[in-house]
Amino acid sequence: MPAAIGVALLVVPLATLVLDTPWRTLPDHLGSEVVREALGITALSSLLTVVGCVVLGTPLAWLLARVDFRGRGVVRALVLVPLVLPPVVAGVALVTALGRSGLVGQHLPFSIPYTLSGVVLAHTFVSLPFYVLAVEGALRTHGTAYDVVAATLGADRWTAFRRVTLPLALPGILAGSALAWARSLGEFGATITFAGNYPGTTQTMPSLIYVALNSDPAVARTLSLLLLVLSVAVLVLLRERWAVAR
Amino acid sequence: GGDDEERTLTVLAAASLSETFTELAAVFEEEHPGVEVEVVLGSSTTLAEQAVDGAPGDVLATADETSMALAEDGNALAQAADAFASNRITLVTPPDNPAGLQSWADLDDPGVDYVVCAATAPCGAVAAAALTEEGVTAAPASEEVDVKAVLARVVQGEADAGLVYRTDAVAVDDDVEQIPVTDEDASAYATTYFIAPLAGDDAERADLAAEFVTLVRSDEALEIFTEAGFGGIVRE
Amino acid sequence: MHVEADLPGRVRAGLTAEAGEVLVVIGPNGAGKSSLMRVIAGLEPGRVVVDGRDWSDLAVPERRVGYVFQDQSLFPHLSALDNVAFGPRARGRARRDADRTAREWLERFGIGDLAERRPRELSGGQAQRVAIARALATEPDVLLLDEPFAGLDVSAQMALRIELGRHLRDFPGVALLVTHDAIDALTLADRVLVLDEGRVAQVGPPAEVAAEPRTPHVARLVGLNLVAVAEGEQLIAFPPDAVVVSLHEPEGSTRLRWHGQVASLAPHGDAVRLLVHASPDLLADLTPAAATELGLVPGREVWLSAKATAVSRYAARG
Amino acid sequence: MPAAIGVALLVVPLATLVLDTPWRTLPDHLGSEVVREALGITALSSLLTVVGCVVLGTPLAWLLARVDFRGRGVVRALVLVPLVLPPVVAGVALVTALGRSGLVGQHLPFSIPYTLSGVVLAHTFVSLPFYVLAVEGALRTHGTAYDVVAATLGADRWTAFRRVTLPLALPGILAGSALAWARSLGEFGATITFAGNYPGTTQTMPSLIYVALNSDPAVARTLSLLLLVLSVAVLVLLRERWAVAR
Amino acid sequence: MHVEADLPGRVRAGLTAEAGEVLVVIGPNGAGKSSLMRVIAGLEPGRVVVDGRDWSDLAVPERRVGYVFQDQSLFPHLSALDNVAFGPRARGRARRDADRTAREWLERFGIGDLAERRPRELSGGQAQRVAIARALATEPDVLLLDEPFAGLDVSAQMALRIELGRHLRDFPGVALLVTHDAIDALTLADRVLVLDEGRVAQVGPPAEVAAEPRTPHVARLVGLNLVAVAEGEQLIAFPPDAVVVSLHEPEGSTRLRWHGQVASLAPHGDAVRLLVHASPDLLADLTPAAATELGLVPGREVWLSAKATAVSRYAARG
């Protein structure tokens, strides 16, 4: 029953969104250069975001789940921060830190805003907590029993992590990656604030949709549906493949 | 009226009216004891759509004509809308003017990063017209979603220049420097704010709403608007 | 090797073993056998010196141990082969090389055809063999075998005992083997260490421990009755077939007699083995004919006495 | 090293945000009625959102992780939808469906938008996927071994779920709740679009911050910091308590 | 109870057991013993009829089984007490009531003081006792005990065997017990079922199975040598002490002689037990004096012959 209500809560708004879409104009929008560019930037930046989350977040999650260091509470608190920041504020924080005249940014030899790397940075900042929390949960679920066995077999921490901890936590890592990817797909507040919104460089689909919302809601809705169908299709395909492979 | 009963007048207002309307609300409350004015801020489009959807509200004030037309088409208005203030687009730079801009024409320098509102936002439409008027051809570094984002870029030094409303430039005063335009009075630089009472079944509230609209269009209000940098109010 | 373990409530024991020695550790459930092994492997704190090198502060992976865990602990996500190859690979061997070694070990234990199976697709005994192979494949300095034969069928037990015996004869390091089986202790041990409630109760060559057990557990394990005498200063041990069962109090001056209730009867070879709840519990073997004649059933009150000639008497503390 | 970069990515923007805060005016803002109301609404709605996610999402996650029904792929795809929708579009979808003149909403005897329940609904819609994904991952990590044991002991599915599956998946459920809570705390796009921005009724902290960003960025930053410190403190306190209790 | 299991590659067997009967299942590793139990519990598909009621399509929780899993499978998040109380509570008993029952069972197995411990804080043997208590506490119709005595020390094994024996005597349902230990089979079984490579090789009363084993595994279990003769139509069985060992080919007409290499020697009671790699492998007991005199060491070639009087001969198929 609750599951059914849950599904209904998800289905009804989506269904109306689909019903409300002006289907006839869809092909036109698909073909337009602005949309194609935005799609490309969204795909690329979300992919890079997942890579960034996996590379930065996995060790972080492991640290939080396994190593009992001083200040673990503080680090965990820090990880949660971007989670509770309204995205626009997250963008402001990024600007203050890494913008052209930001505290750190002004000393950098290159400039991050208005570039794709800015988009990826903003996305990673916003998505990292999702990834870390999901993976930390998965790492805790299994406990350390098999890590201990691996250690007695001569595996150092890294080997044990790579060959035992990681594969056992794989469902959690996949879930975390999916979360991070999806978060990155829908993100626009931090992106627009930090990386800006220029077609062909930093304009992602959500930014385009948001801008369109101000002028032509119907177009915005069509574009949302497009983003939605594509991303859900990718997620479902990947999951089925992973589920089968395991 | 002077009833004991507390009544609330809900005003849906474009976010750029935040300060002026808060001040006007206080004035209105003083003139109408027992009435509390609640200002609900949001983007003009969202507010208009919500008004059409039947969101609680007695007055709608938008930053452009398009949004108000949206509300009118949705039969949300009790009366035709009136213009009550105008705003002008202006070119601002950070206080130290790092790119050394002298005029609008300097925006065409390849080394200058300037930002504007997206063409779909009210301020973006005005900005596009102004840029054409000034003959600027270089593309901006970013098309921000709204004027506040443009202003933030400039204040923070993230952009060398940006096109904002004069009210915004006035609000931050020392944090930006304005670059004068070629023709002060060209209409291409201006946008108009509209206000209308919303349809409802409570006659007493409709009266209050009408009184609020009157206040917004009064000379007392004009002073407040002018101080905030609005101008060129179109009176019938 | 020298070990000093002190885990409050679990084990508090010291032991010394020579290189090449096989030390069999016995003791009742909860005596601290597994805990002692965990100390040596570095999974619990304690002093460990191997070959003159202090391991006490060495991280677990740096201690070269081969550990058969009591609960197997096979990696659930790896095949049998990969489980066995894990150790060699972790210690730096090339994949192909490690796989070959692993396959050899599996074949030696008769499960070469199960190499690709995941642990959950193996029977209990098959998994146990994989666990043993995994521990041996790392070429450790110290072998820790926690009940390695549990769950194995008789043939496999015998085959593995031979295989392990051969391996241990050539093994240059120290091997510790925990078991609840007297045969393991007697056939594989150079010395036997008896743990009881976390303390070392007895250490010695298997024959000596078997002949003069100091704890009821060991006595039961080797099938002897054990009784404390002379205010606990001395122990006497005697086999069940040296016990005479009668329904009435035996006459004569012997003080080696006890009174109690029959708890159970069970066939034991050609004889019937009686467990009698006296203080302490005693075992007695008698012929089926005698058992029938005496009308022995559980609950029956009987008198037991030991033939003095079959009794050995020794000090309670070595 | 990557963990350190990860931490740095999180720390630097936050630190600059803290440094940039006008500390002297903080007490004034704290005392103001608007802020107190917004804090109250945020606290209440985020709490109710977590309850909603746990109640609706846990059975859904279990269904996805354990029951091999037809159309599982479709349901999983649906769950992911709000994840990839830009929040504002999610709000638009909710309006189209449940708004006063929405497809479903016009038949309802009560009206959902512009009320606290509208806020909670919007938040639950947006947060549910995070919860479901995290919990599904946790449920998969342990597999069904202990469920099987429980069944042999006479436990029906519900008992096994309640007394075995759930406690074993607790780390994942806590992670999922934290994610959902945090997502709800920072959400404003869907909220403003669906439930409006009425002070005292539907104005949450992020909405207030959004509005403040338009008038006085410094105030917005102070409010963000307030939201941030409070929420992170709560999360950290809860986690420590949970961590100790287990 | 009637069971028909058909899991390709694992087990393909049928069995019938009367209410109140204790059926001991023996067989080598991987024979399919655990798989058979899983079929009865409903964890694998198969036909199961209990007390005239068809269980085949019944969900697992509705089958009233008490299952001691081979790997214990204690709930890691519950205390020993809660593990045992889980079954009664799942079957609808009140919490207080279930707890009392659980505590009684723990006390009966000598671990009442460990009630509050989590499984990971228990020793292997202690955990095994909790697992048995958990299975018995549900008052099942069918008891499935998969190697319940594995990992228990001798005293605990003996005590549990008595306790379980008492319980099983009064138990109205069917009990299946898997073991690798001949004593269990002989003391607890009403009948013994022998599995081999997934098939039923033999069923019968323990004494009959022990006297005329049909598989090498059972022969080894009861300590007999087993040789197929007459083109596999007949089997002969004889005890190790009926084997004569000599260094040269024995004279005379006996055809019961074999040639092979000594694989191992081990003490066995007062005797020395030899394992000889002939075809098939054979056991021989001889006195230590004789072993020394013959100079027996592993690898030595010997001749074995069986005393005709000690040999029993029977058909290979029942």
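Every chain is named by a letter (A, B, C, D and E) in the order it is written, and numbering of its residues begins at 1.
Here is the rule we use: a residue touches a chain if its C-beta (ideal position, glycine included) is under 8 Å from a C-beta of that chain, and two chains touch if they have at least 3 such contacts.
All of these numbers come straight from a predicted model, not from anything done at the bench.
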{"item": "Neighbouring chains shared between chain B and chain E, ordered by label", "value": "D"}
{"item": "Neighbouring chains common to chain C and chain D, by label", "value": "A, E"}
{"item": "Most heavily contacting chain pair (counted by C-beta pairs in contact)", "value": "A-D"}
{"item": "Inter-centroid spacing, chain E versus chain A (mean Cα positions, whole Å)", "value": "55"}
{"item": "Mean-CA-position distance for chain E and chain C (Å)", "value": "20"}
{"item": "Chain centre separation (chain A, chain D; CA means) in Å", "value": "16"}
{"item": "Inter-chain centre distance, chain B versus chain C - centres from mean C-alpha coordinates, in Å", "value": "87"}
{"item": "Sites on chain A at which at least two other chains make contact", "value": "92, 96, 102, 168, 210, 213, 217"}
{"item": "Chain B residues counted as touching two or more neighbouring chains", "value": "49, 152"}
{"item": "Residues of chain C whose C-beta touches two or more other chains", "value": "none"}
{"item": "Touching pairs - complete list by chain label", "value": "A-B, A-C, A-D, B-D, C-E, D-E"}
{"item": "Touching residues (chain side chain B, partner chain A) in the complex", "value": "43, 45, 49, 66, 113, 115, 118-122, 139-145, 149, 152-153, 156-158"}
{"item": "Sites on chain C touched by chain E in the complex", "value": "27-31, 33-35, 70-72, 122-126, 129, 146-147, 150-158, 161-162, 165, 180, 183, 186-187, 216-217, 220-221, 263-264, 266-267, 275"}
{"item": "Chain C - residues contacting chain A, complex", "value": "41-43, 59-61, 63-65, 67, 69, 73, 75-77, 86-87, 90-91, 134, 138"}
{"item": "In the complex with chain D, residue positions of chain A that touch it", "value": "1-3, 5-7, 9-17, 19-20, 55-60, 62-63, 73, 75-90, 92-94, 96-98, 102-104, 121, 124-125, 128-130, 132-134, 136-138, 140-142, 168-169, 171-172, 174-176, 178-179, 182-183, 185-189, 205-206, 209-210, 213, 217, 220-221, 224, 227-228, 231-233, 235-236, 239-240"}
{"item": "Complex contact set, residues of chain B against chain D", "value": "10, 15-16, 18-19, 38-42, 46, 49-50, 53-56, 146, 148, 152, 155, 171"}
